[in-house]
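Okay, so here's the structure we're looking at.
The chains carry the letters A, B, C, D, E and F, assigned in the order they are written, with residues numbered from 1 in each.
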Amino acid sequence: MSAHRLSGDSLHVFRGERHVLRGVSFVAEGGDYLEVTGSNGAGKTSLLRTIVGLVHAESGRVRWNGLDIHADAGAFHAQLAYLGHESPLKADLTPRENLHFAIGIRRRVGGDEIARALAETGANGFADRPVRTLSAGQRRRVALAGVVLAAVPLWVLDEPATHLDAEGHALVGRLVDRQRAEGGIVIAAVHAPLPVAGAGTRRIGLTLQ
Amino acid sequence: MDWTWFHRFGSPPHLYGLAGRLTPWFAWPSAFLIAAGLYGGLVLAPADYQQGDGFRVIYVHAPSAWLSLMAYTWMAVAAAIGLVWRMKAAHAAAASCAPLGAWFTVAALCTGMLWGKPMWGTYWVWDPRLTSELVLLFLYLGYMGLRSAIEDPQRADRASAVLAIVGVINVPIVRYSVEWWNSIHQAPSVMKFGKPSISWPMLTPLLIMFVGFTLLFVALLLVRLRGEILRRERHARWVAEVVAG
Amino acid sequence: MSSAVSCARLVIGRDLRLAFRNRTQLLHPLLFFAIVTTLFPLALTPEPSQLRDVAPAVLWVGALLASLLAIEFLFREDAQDGTLEQYALSGRSLTWLLFAKTVSHWLLSGLPLALMSPIVAYGLAVSPAAMPGIAASVALGTIALSLLGAISAALTLGIRRGGALLSLLTLPLAVPLLIFGAQATARAIEGASLVAPMYFLAACAVLGLTLAPLAAAAAVRISLE
Amino acid sequence: MSDFLSMGGYASSVWPSVALTFGIIAWNIVAARRSFAAARAEARRRLAVEGSP
Amino acid sequence: MSSAVSCARLVIGRDLRLAFRNRTQLLHPLLFFAIVTTLFPLALTPEPSQLRDVAPAVLWVGALLASLLAIEFLFREDAQDGTLEQYALSGRSLTWLLFAKTVSHWLLSGLPLALMSPIVAYGLAVSPAAMPGIAASVALGTIALSLLGAISAALTLGIRRGGALLSLLTLPLAVPLLIFGAQATARAIEGASLVAPMYFLAACAVLGLTLAPLAAAAAVRISLE
Amino acid sequence: MSAHRLSGDSLHVFRGERHVLRGVSFVAEGGDYLEVTGSNGAGKTSLLRTIVGLVHAESGRVRWNGLDIHADAGAFHAQLAYLGHESPLKADLTPRENLHFAIGIRRRVGGDEIARALAETGANGFADRPVRTLSAGQRRRVALAGVVLAAVPLWVLDEPATHLDAEGHALVGRLVDRQRAEGGIVIAAVHAPLPVAGAGTRRIGLTLQ
């Protein structure tokens, strides 16, 4: 896996009328964990959505391996997994089915691989119940399994540990560390720091505008 | 090809100033032409040999109907430009077209209905042209509804642009419905290829009205456009300078 | 990497699975169609000859509304639970994925409506000879309708109570489909040739197939911003 | 003059049409100017609240 | 503690404020009504005498569907964002709160529909003399319809895609309203006396007023479990 | 304010087919803070919903001041504020309007009182923007202001600090302490303990069934 590099230079982002990000710059390279912090409303979610290309910056650009992400959005997205505030799951399908259909459109994935990811995120106890009947934290675990299964170099996670118990926090830390060890990049917006290995952690602190 | 003129034209501060300077150049001639056309149409033109003086409704009806279609076309073109080149000024122009077009559609519908009562014995029939003009009104309302339903101006611009482009298909339907289906509505007598089929004394005031209405539309568009540009550029430095002055 | 076709198959498979999981929901457009078309004879008259006269209009307005009802859900749930966001970020062509979704929508609403239209037509005193023509015209008309609806559904995504706006946006554009569809039905009832209106419906469907997924993808991207 | 006003028996369509059209034109002039003035006032208010950008 | 009346005023005030905030959304039932009733002459015939014959049916089916469209949102948003849960836990009579919500629904849909029905009737070649009777019958009929719809809306709350199921539950129960409403309209067009059908519509409305809020409250409680 | 008392005895609760709570009992009195903990899916949310009466226990009963809560549900609910996983706000209304309409049906409330509650939860900076445009944490703050405004003795909060920043955590702790000082009872399901004063804290630890 060649070393990847994600960078943003002096991003200015508006949400509606608000100038939310004023000149945010960052660089992350293979093996880095970029921790985005800031008080409520500081613009963490906005920054992450700009990085994945769902929000367009008013000025400044995000580059993936040197290329503007909007230049070839498809290729960039194929290397990216995004997890927002809400877990993207179909309430009527089981976790297993959810992952089958969600990952299937990215790559061919086998049932055993899905089972392994579910086991890893502690979700195998309820892999075959409709998501509708799961608790908030159980859903989050299934969504995390989806991120793992995407098998892509870049993870962008918005408060990945919401609704998770203490063991779940540790799990997220472990997953992040493994992804970095494999040369991937993880960007996460968090309120409480994730329990990750110290080296290679960079921070962006956003302040309320 | 050199595209700088295009971008300069599309730059909001430039367009804002230009629109301000151009407005009177459209407004006054339009007032003059409309007054002249009205005098010509209501007083000078001879009565129609079939419809008597009733035909004089044409001098307000046809120009309104024409504007209702033109406004939609311009709106769709501006929307397409805005969507493709992410040009805010073009979106602002599209947004300005909609209320004007909707009002002239209302004018065309109402004057047509008033005309229809003596000519066809009823205010309304389900004729293709009448119906498609009504559909045009619905399209305008849908466009404005979509726009107002989306809070974020950028998103509203782009979503409504898609709709404007899709809906443009209705314009040729309105325009040519009279020819495609047999309709009781008047076939084009002015705007057709070759020789117009009505007499010059009747036609001249009508043509004057067409030009006058078009200029009026442009003048109104420019005024609205400036407002829309200000709304989109509120946070720009040039707006602060312009507004403070 | 899986191919584009297998990817579309997956999207369609998922939608069908979801639909069959809530089996009753599959029946909704059909039942709505049945109910609306029974309301008319109730409110109108039980006279067969008069029913036969209004049959094309009742049939097509019913089919239009039933199909519209289903279109509202084409993207809405996927938008709410974040699936659409994931599609947009999947690295796949969003146009293609949305096209696949539209296909599954037609399979779940347009096709059943077409298959059911002869039954409804029979209730409106239409003679059996006209049935194949009616079913074919409804099938063709609903293709164009699903595609048209996909655009409106995508446009109204970010919006609360988008459902009402959706019908407002779609119905005016669906007027030509209605006129030609009703015309085809009327001709089928009279035993005349359907070629002209069917040709027009087919043209609409082809136009929709080429343009609608593009417009829908643009609209979805906008709604995600 | 009354001949002119009666429009050969078509007064009830011609005059309402003309009045309506010019009413709509007048309203559009007012509305366009109002919409511009509102945008300008809004920009001014923002400037007063937030200061120069 | 504020009184029951001021509490209802607050609920209605909130709904009206929300509706006027999205001003265009106020127009949706009206536009839907206008569009559906426009579709008919297009699909049917522009012939005035024939239009006049189908006018009662078209008018009432259109009003029914438009009102239903709006009912779908009666409780849905409140359920999704937890407002309904808060109502149930407010210590107030849920029946009363839901009744207030139903009133605001009628003010925002039934009343405008009734006011608009004469215009639509004109388009269907009905003579102006029949208009007051038509408007009155639609006003009365939509009261009963709103109340009926409230029950179905509450019943379909917990269900995904409740919208389709909602029409399924409501339409059959609305059949008597439709028959008598159409009968009232037909009589208004003929210039005959409306007393009998209007009396029936009023009876339905009164029955609904006493029972519907109770049933709706029970259904909401079940959906929250 | 007379001393209140909430108790549950050997509650058995089923969700669908699952026996989620097996004989849970508790008592809380005026001034108590009852902390419900447990891993994901242990049944915290189910317990809270049983306590407020939205879920019916299969056996066992919840008593408020000695009376079964289902005996006079209206009276019980008038003394109770419940905050679930999601914040119950209308996206199209502003926070101020949301609170006006939500609290108004419980009691007469003035604009200044609403303003004070919003200021207290740090929500006055965005009190007049549609809730749709708020960040996840900002919404939570508005929802908390609603709990404060209810001015009732019993608070039942499901992960009240989700999406909140560090300052927001402290805020929740302060609010809980004040409510207890006024003789109220607070029950909260949490993953990380809230920063509340130690005395008067009771715990229910649920285990995964």
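One rule holds in what follows: contacts are C-beta pairs under 8 Å (C-beta built on N, C-alpha and C of every residue); 3 or more make two chains touch, one makes a residue touch a chain.
Computed from a predicted model, the values in this text were never measured in an experiment.
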Contact-linked chain groups that survive once subunit B is dropped from view: A, C, E, F | D
item: Taking each chain's C-alpha mean as its centre, the one farthest from subunit C; value: F
item: Pair joined by the larger number of C-beta contacts - B-D, B-F; value: B-D
item: Remotest chain, subunit B as reference, centres from CA atoms; value: F
item: Subunit A and subunit F, separation of their C-alpha mean positions in angstrom; value: 30
item: Approximate Å spacing (C-alpha centroids) for the pair subunit D, subunit E; value: 36
item: Chain centre separation in whole Å, for subunit B relative to subunit A (CA means); value: 48
item: Set of subunit E residues in contact with two or more other chains; value: 22, 24-25, 31, 35, 42, 77, 160
item: Residues of subunit B touching at least two other chains; value: 131, 138, 141, 145, 149, 151-152, 154, 234-235
item: Multi-chain contact sites of subunit D, meaning residues that touch two or more partners; value: none
item: Subunit E contact footprint on subunit C (complex, rising order); value: 22, 24-25, 28-29, 31-32, 35-36, 39-40, 42-44, 50, 53-54, 56-57, 60-61, 64-65, 69-70, 72-73, 77, 160-161, 163-165, 167-168, 171-172, 175, 178-179, 181-182
item: Residues on subunit B engaged by subunit E in the complex (per definition of touch); value: 122-127, 131, 134, 138, 141, 144-145, 148-149
item: Sites on subunit B touched by subunit A in the complex; value: 151-154, 234-235
item: Subunit F - residues contacting subunit B, complex; value: 130, 132-133
item: Contact footprint of subunit C on subunit B as seen in their complex; value: 83, 131-132, 135, 138-139, 141-142, 145-146, 149-150, 152, 154-155, 158-159, 162-163, 165-167, 169-170, 173
